[in-house]
Amino acid sequence: MLVEIFITMLILALVAAALNKYPKISGIVTFFASLIPFLVVISWSQDIGLSFPQFLKFFTLEKSLNYNIGIATFMLKITPLGWFFLLLLASAFPMAILFSITFIKKNAGGFYAAMITSMIGSMGILLAQDILSFYMFWEIMSWSILALVMRSHDKKAIMSYLSFGVLSAMLILLGIMLLYSETGTFVFSEMGFMANNTTLIALSLLVSGFAVKGVLVPMHVWAPYVYSRSEEPFVAFLSGGLSKLGYFAMILFMYSVVGISVLNSWGTFRDVSIFGYTLAFIGALTAFIGTVLAIMQDDLRKLLAYSSIGQLGYIAIGIGIGTPLAMTGALFQALNHTFFKSALFLAAGAVYYRTGKWKISELGGLGYKMPFTFLAVLFAIFALAGIPITSGFAAKWLLYEAAIQKKFLFITPIMLIAGVGAFLYSYKILYGVFLGEPRHNVKEAPLSQLAAMWLLVLPLIIFLIFPGWFVDLTSPILKWYGLMPISHTPYTITTSLAAYNTLAVILALIGGLILAFALYFSKPQKVVPHTDNYLAGEPPELYEHISMHAASKYYEPFDEVFYPFFKRGAEMCWMAILKFVKILGEGARAIYTGIVNDYSIYILIFFLLLVGWWLIW
Amino acid sequence: MVMFDVPPVLLIAFPLFFAFLAPLIYYLSKKSIKFYTLGVLILNAILSYFLFFRVMDEGVVYEQLSGFYPPVGILLAVGYLGSILAMLINTLATINYVSFFDEKSHSLRFSMLYMLVTASSTGIVVTGDLFNMFVFFEITAVGSYGLLASKGTKRSYEGAIKYIVLGSIGSSFILLGIATIYGYLKTLNFYDIAARISTMPIEAKLMAFTFLVIGIGVEAEIFPLNGWVPDAYQGASSRVASFMVLGPSKAGIYAIARLIFTLIPFSDGYELALILGALTLLIGELAALNQKDVKRMLAYSSIGQMGLILIALSLHSQIALIAAVFLIVNHALAKSLLFLGSRNYASGILKNPVIGASIFIGALSIIGMPPFPGFWGKWYLIVDMAHNGLWFMISVILFAAIVEAVYYARFLFRGTGNEKVTLLPGEKIAIISLAVLLVIIALFPFLLYNPASNAATSFLGGGP
Amino acid sequence: MRQEDWSKLARIMSKRSLWMVHFCTGCGAMEMPPVLTSRYDMERFGMISMATPRQADVLLVTGYLAVKTLKRLVQVYEQMRDPKYVVGFGSCTINGGMYWDSYNTIKDLSKYMPVDIYIAGCMPRPEAIIDAFLKLMDMIDKGEATGWKKYHKYYKQYKRNQKMAFSYRLDEVKDIEEGDGK
Amino acid sequence: MKAMELFSEAKEIKKGRIRIETTKDKVEEMIKKLKNNGYEHFVMLSCIDWIKDGKFELVYHMWSYKYKEHVMISIKINRDGETVPTMSHLFPQIETYEREIHEMFGVEFEGNKRLVSFVLEGWPHMPPMRKDFDTEKFVKEHYYKIPEVKEE
Amino acid sequence: MVMNIITSILVMSGMVALGFAIGMLFNGIARKVVARIHNRVGPPVYQGYIDVFKLFSKKTNISHGWIFDLAALFSVGGIALTFLFLPVAGVSMLSGEGDLFLILYLIAIPALGFALGAGASGNPNAAVGMMRALMMMLAYELPIAMVIVAMMVYYNTTSLAGIVAMQSNLKWAIGIPPFLIGALVADMALQGMLMEKPFDIPLAPHEIATGPLVEFGGKHLGSIILYKMMGTVVETTLFVDLFLGGGVVLNVNQFGWFAYLVNFIVWFVLILVVFLIAVIINAVFPRFRIEQALKFYWKYDALVALFILFWIFSGVMV
């Protein structure tokens, strides 16, 4: 059955590609194909110990599958961890497709086919139980992403994605080969580990390879280019969905394959393995650097890209700490990020669809023109910034608690300050795009785009009220790792340090709003247009050519202070390495002089060297 | 499956005979020469299939020629690898010939040379006799000079002359090696030599090995004997370069394999091959990184691939040899595809997505991305190295793969988007068929795995 | 009845919390700093200066007004929230003062917007200013400072006069569009 | 004393102040020459209405920080409709002076693209600085005729 | 059960009302104190009540659309919500249901609502002011986050009520040497939080016409001013809870209602003192430019905070 599902999706990908001339029909076909993974996830829910409503279960699937292709066997099996991440991807994927039905117009067939292929690869990764199938599906996913990135026709994006994609693939290959040579088996479950340096090196290589997909500093250089130049539905899925695969793989290899006891045997720091601590620190650094760079951007997509980097850093923190609290927080952050970042990228696409502009300084005042898009963005941004009006806060709270529980004195302030930094760039999006002076007379986004955004925002609101449901969702994973699920009721989470009661927050907020309403409706009001502003008495109608929108260079003092520190970033280091390799290449090229005499002399020298070798030997 | 037992000699004799018959056909009808050549190549390819299946059925096929018994007489010994390569060379030569189909002035000499080189390359991989192999090498080389020069530009002549010079040096070294062996052992039969090589004095053995490595190394594009490669490939037309990659160079690497496995197997030989392979790989890939000219870049990349194959051979283990077979097949398919597509620009990819996808597949396979054969080759190679703990070499290979990815990306996306694409229909057919072959092997890797596994066993046992 | 009590309370409160916006056109601007600072300290009456007309209750016109300036002044006045009061400083706002024969200076501010209280002098001293404000507070308390109501009521006439001034022609101004300037 | 050396028609009216009377077609050349010889500051452009002669006198004031000299280049044009070429390409600030003089005296400057209203927005009458414009009469007929707001 | 809920709702409403009342009173006190320092008479201390009443009694109210109105709603609602999560004089209303992290993020709700309204007004001054306000927030948040984290680790709880409880019996955090320095650091940060000079560049009335407030008037301005006034109470209470034991001097279980009374009085005095320090600094300082403020907080204040972190770090390791 599982094989048939893969084949069905592949066939639907081909059908979508064949319908290249009819983008909408192709999109609808792909939308149906994109629902398959979601149905698969639901039908597996009972197998991993969750009670989902029975009527949602459309078909029964085998839990594991060994598929022989003649020279190798692919072992696939659903695990709680894989199920959870598949849930994220399978929910974000249909929304991206739904959005693209109206968004993608050129060469739609190729787009949809590549999207489905990337989803197939992701499913394979999440189900893989051995090194070979893991690596193969990883590469299928990576290369279908490349096909999508290529659609941008942007050399920088393609080259940076390609170089880093291959770098990551090679790091992963090296890592898994080391693991294989240590254990002599391909199958994850049969690997028994010794706590030696080889495993440490292997794990470091693997994690740095996955860090490319998970955009951790300093492997993040490709992301801003790719995120800012490709088509929005794809970027939404890439940032919201596919980047999670890096973190899935980190958890898989750190805690399933290698195991916590081996991690701890390399040394611990306050009961957290040094390996995990380093990862957490890199995560915190990523959160900070991503945030600061996001504040400096003017391109809406680049801002979102850097903010994505910053938010993904939190997941790495949680994975690094590795306590039940931290793992729940990391998974929660992964879920939130999937939904809010997909929604934000889709909203950016909707804005572009209507206005044709990406620069924040050229947009403005769309909040009244596209109110539903604005509200979706507002909720997504609440989640991003961790305002306790969406579930975004609960995730960050869990991570903070986990860090304090382990007495991490230096990581926590960095996390906090990155959280505050998120307010800055969030407001830049809100003000620059949706508030302020209206400049475009546009309509609301099309229905399919709105539906996609709102369906993504909805879970954020649900999990705000019931964070306990989320903890239920993750408890199979924690149990699988032998950790105790954190104590909770549907709307409270309790830790050893404090408690968080969402119901109290919501009720108090409602109470506060009632009070504010009472004050607010005490007097009638009239609405004036935006041109009726106090501008030191200067009538704005005299100055039509001057823009009153202050969004260009919005955080200029901030840029002035921070730019000197971020001038020489990771990108320059990578460029230096590239330059060094190029110099090597020049040297290699210089050997081939094009003069036949030289070549003859090479042969002679080689002959003499060999003879010399034999003589010495 | 086997319809009739194909004698291996037919594979060589058939095209040779028809090659010499070609002037007659040309005299009768100038236009039909290309159909004639194509027909011969197709027939030969079909013969090679039969031979392949025969070998798969019966194991190694021996055939004595001219009535003398070995070790005096000439022996043809078609092993598993030989039959795979014979099939590969003949099939791909046929496909590649399709790309020449649209040329207006289809000269007699070209057709003859083409058949000649095909036949002699096949000869190298099916022979069981050292001197015989030398003769075929000479024929291959002479034919290749002509083919490389066939473009008729200054550059192509220059490249061909460089090849002639280096090829002559190589030939003389081979001859020296043969002489050394013959002087001590009084035989040129592979089996005979292999059986009695231990009786040779060590100095003579080393001397013979050195001479032969250098001589064959020129053909097999091993650093530092491969000076002719970039110039010759750059000068030749892309289709000829494609043919060179799939034919003579594969025969050369087969000869190297025979040398280090059958003829003079000793541990330092493997070590030397490993070092040479690594050097060839690194220098080839690094040189390709900055290369602007596409054909020259592909030539450097070819060098790198040869190094990779040599590394695989030098590990002399079952899995590594399987990897080597995969890499050889992958290189023959994908690199000739890329050479054929080297005139296609990024804009062409957009205009013709099928061609674009084919070239993309070729590049992916060369870089070693799953599920294409290049991946399986590298995978098995790295698995074997991981077994042996050759971490440094693994790093070198992976580093080379990154470099490869970078310059292939440049290759795929080069051009400003305004170039006129002038791929001929024949070239397109050839490109697509090669891509289809790659996909078939990608989907059904066991088709290649099982013969490769047999070949590896046979080679490790000292057979062909 | 209750409504009336309510508005009475509102008047008492707002007279003790007059927030001003200066429209500093002439030399009157020089007289304001001493009024605000330690020597005369207007804040003891709850009066502070505000930066924008949106927040302010009192508009101070501190000197002569060119026609071009009047345009801006009208805009600022209309941006203020009701109830709002206008204080005219010095003889320039009353009859043009020393600019009585200038071709570009308006002569009587009350033709263009309702002035609740004028302060005579060229310029008035801080004591006079404080006295005027105390008067204004009295007027607010008694409900006499009704300039803003007048502006709404005779909006057409004010607009006509403003247009006449702005266009430097009397004959071209005919009809004013409907509206009460709220 | 630099300007005295540069131009033969220059007259020193008192110490450090030099007056040059010339015609409008030579002005550009002279300003250029002065600019290149240390008179880097264009102070202002003024206009005088010689109503009896029927002339406007335009005076270009320039100042040299090096020589501490004030040079006044004076030209006379007819009051009725004679145009003057703009000098705003030599010193950008001249554009604003020309704009003002255009508004106040009605002098047309050829080539100045920004002769829009400056202080008087939408002034429909005779330029007010001309001596034949009767200010008092205008004030009486305009400002005093604007009616009071009548309370009904 | 029902009675309990009603009682707690009544208590909470009463506390919110008290908070607003104290906030308005503080506004008057601040103006009076500044006036006295300037050698002026100054307004009466009840001036805050008059101003708020006047603003809500304005006849016309001008809005710039529904997003603009959100500002008024979220700022008052959000600050009331935040106040409920603070332990005030040992009375923990909802502070058991959330912790210090929650409070730090809850403070952002009114600020964000306010920012939405300011942005929606379309006035460039508002945007510039909001930019400065957000940057100021980023600036002071770093030192205060470091100090708070140090305290959390020291007391091994993230709950503010827990921290207050740990300081009972007058074992105030300010008596512990690292937190004495921490209190100074936090007081500097408080100056920025309250937007008092030298960190009042976000408002800067003479420069950008009160920045975010530029388009607010009438009931909108009234709401915002209520939020600001309550904000002073919330922020000073936060400071007092962290460093001065929340003003708890008597044990409630031991002394009953009398303890509540005394605690409330002590709490009021303490927040007044903290507030007056800020006001007095405000009265005598000029203002920093925003990048100067950022550099001040991140260079000097944060450096001292880092020193505290290392201090605690060494203790925790032992």
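Which chain is which? They are A, B, C, D and E, in the order written, and residues in each are numbered from 1.
We take it that a residue touches a chain if its C-beta (ideal position, glycine included) is under 8 Å from a C-beta of that chain, and two chains touch if they have at least 3 such contacts.
Remember, it's a predicted structure, so these values are computed and weren't measured experimentally.
K.L.:
Chains touching subunit A and subunit E alike, please list them.
P.N.:
Chains touching both subunit A and subunit E: C.
K.L.:
Hey, what chains does subunit B share as contacts with subunit D?
P.N.:
Joint contacts: the list comes back empty.
K.L.:
Among the chains, which is located farthest from subunit D on the basis of C-alpha centroids?
P.N.:
Between subunit D and every other chain, the largest centroid distance is to B.
K.L.:
Name the two chains that are joined by the greatest number of C-beta pairs in contact.
P.N.:
Chains A-E share more contact pairs than any other pair.
K.L.:
Measuring centre to centre, with centres taken as mean CA positions, what chain is farthest from subunit E?
P.N.:
It is B whose centre lies farthest from that of subunit E.
K.L.:
Quick one: subunit A and subunit D, Cα centre-to-centre, how many Å?
P.N.:
It comes to 67 Å between the two C-alpha centres.
K.L.:
As a quick test, compute the distance in whole Å between the mean CA positions of subunit B and subunit C.
P.N.:
97
K.L.:
So the centre of each chain is just the mean of its C-alpha atoms; given that, what is the distance between subunit A and subunit B in Å?
P.N.:
44
K.L.:
Between subunit B and subunit E, what is the separation of their C-alpha centroids in Å?
P.N.:
About 78 Å separates the centre of subunit B from that of subunit E.
K.L.:
Two or more other chains in contact with one residue: find those residues in subunit A.
P.N.:
Where subunit A meets two or more other chains at a single residue, that happens at 526, 532, 534.
K.L.:
Please list all residues of subunit E that touch 2 or more other chains.
P.N.:
Correct list: 58, 60-62, 209, 214-215, 218.
K.L.:
So which stretches of subunit B touch two or more other chains?
P.N.:
none
K.L.:
Can you name every chain pair that touches?
P.N.:
A-B, A-C, A-E, C-D, C-E
K.L.:
Which positions of subunit D touch subunit C when the two form their complex?
P.N.:
So the residues of subunit D in touch with subunit C come to 119-125, 128, 133, 135-136, 138-139, 141-151.
K.L.:
Inside the complex, what are the residues of subunit C that reach subunit E?
P.N.:
9-10, 13-14, 16-17, 37-38, 41, 43-46, 50-52, 54-57, 79-83, 182
K.L.:
Within their complex, state which residues of subunit C touch subunit A.
P.N.:
Subunit C reaches subunit A through residues 23, 52-54, 71-73, 75-76, 79, 182.
K.L.:
What residues on subunit A touch subunit E, complex-wise?
P.N.:
365, 367-368, 374, 385-389, 393, 396-397, 400-401, 404, 407, 409-410, 412-413, 416-417, 419-421, 423-424, 427, 430-431, 435-438, 492, 497-501, 504-505, 508-509, 511-517, 519-520, 522-528, 530, 532-536, 548-551, 554-555, 557-558, 560-561
K.L.:
So in the complex, which bits of subunit A are touching subunit C?
P.N.:
Going by the criterion above, the answer is residues 526, 532, 534, 537-539.
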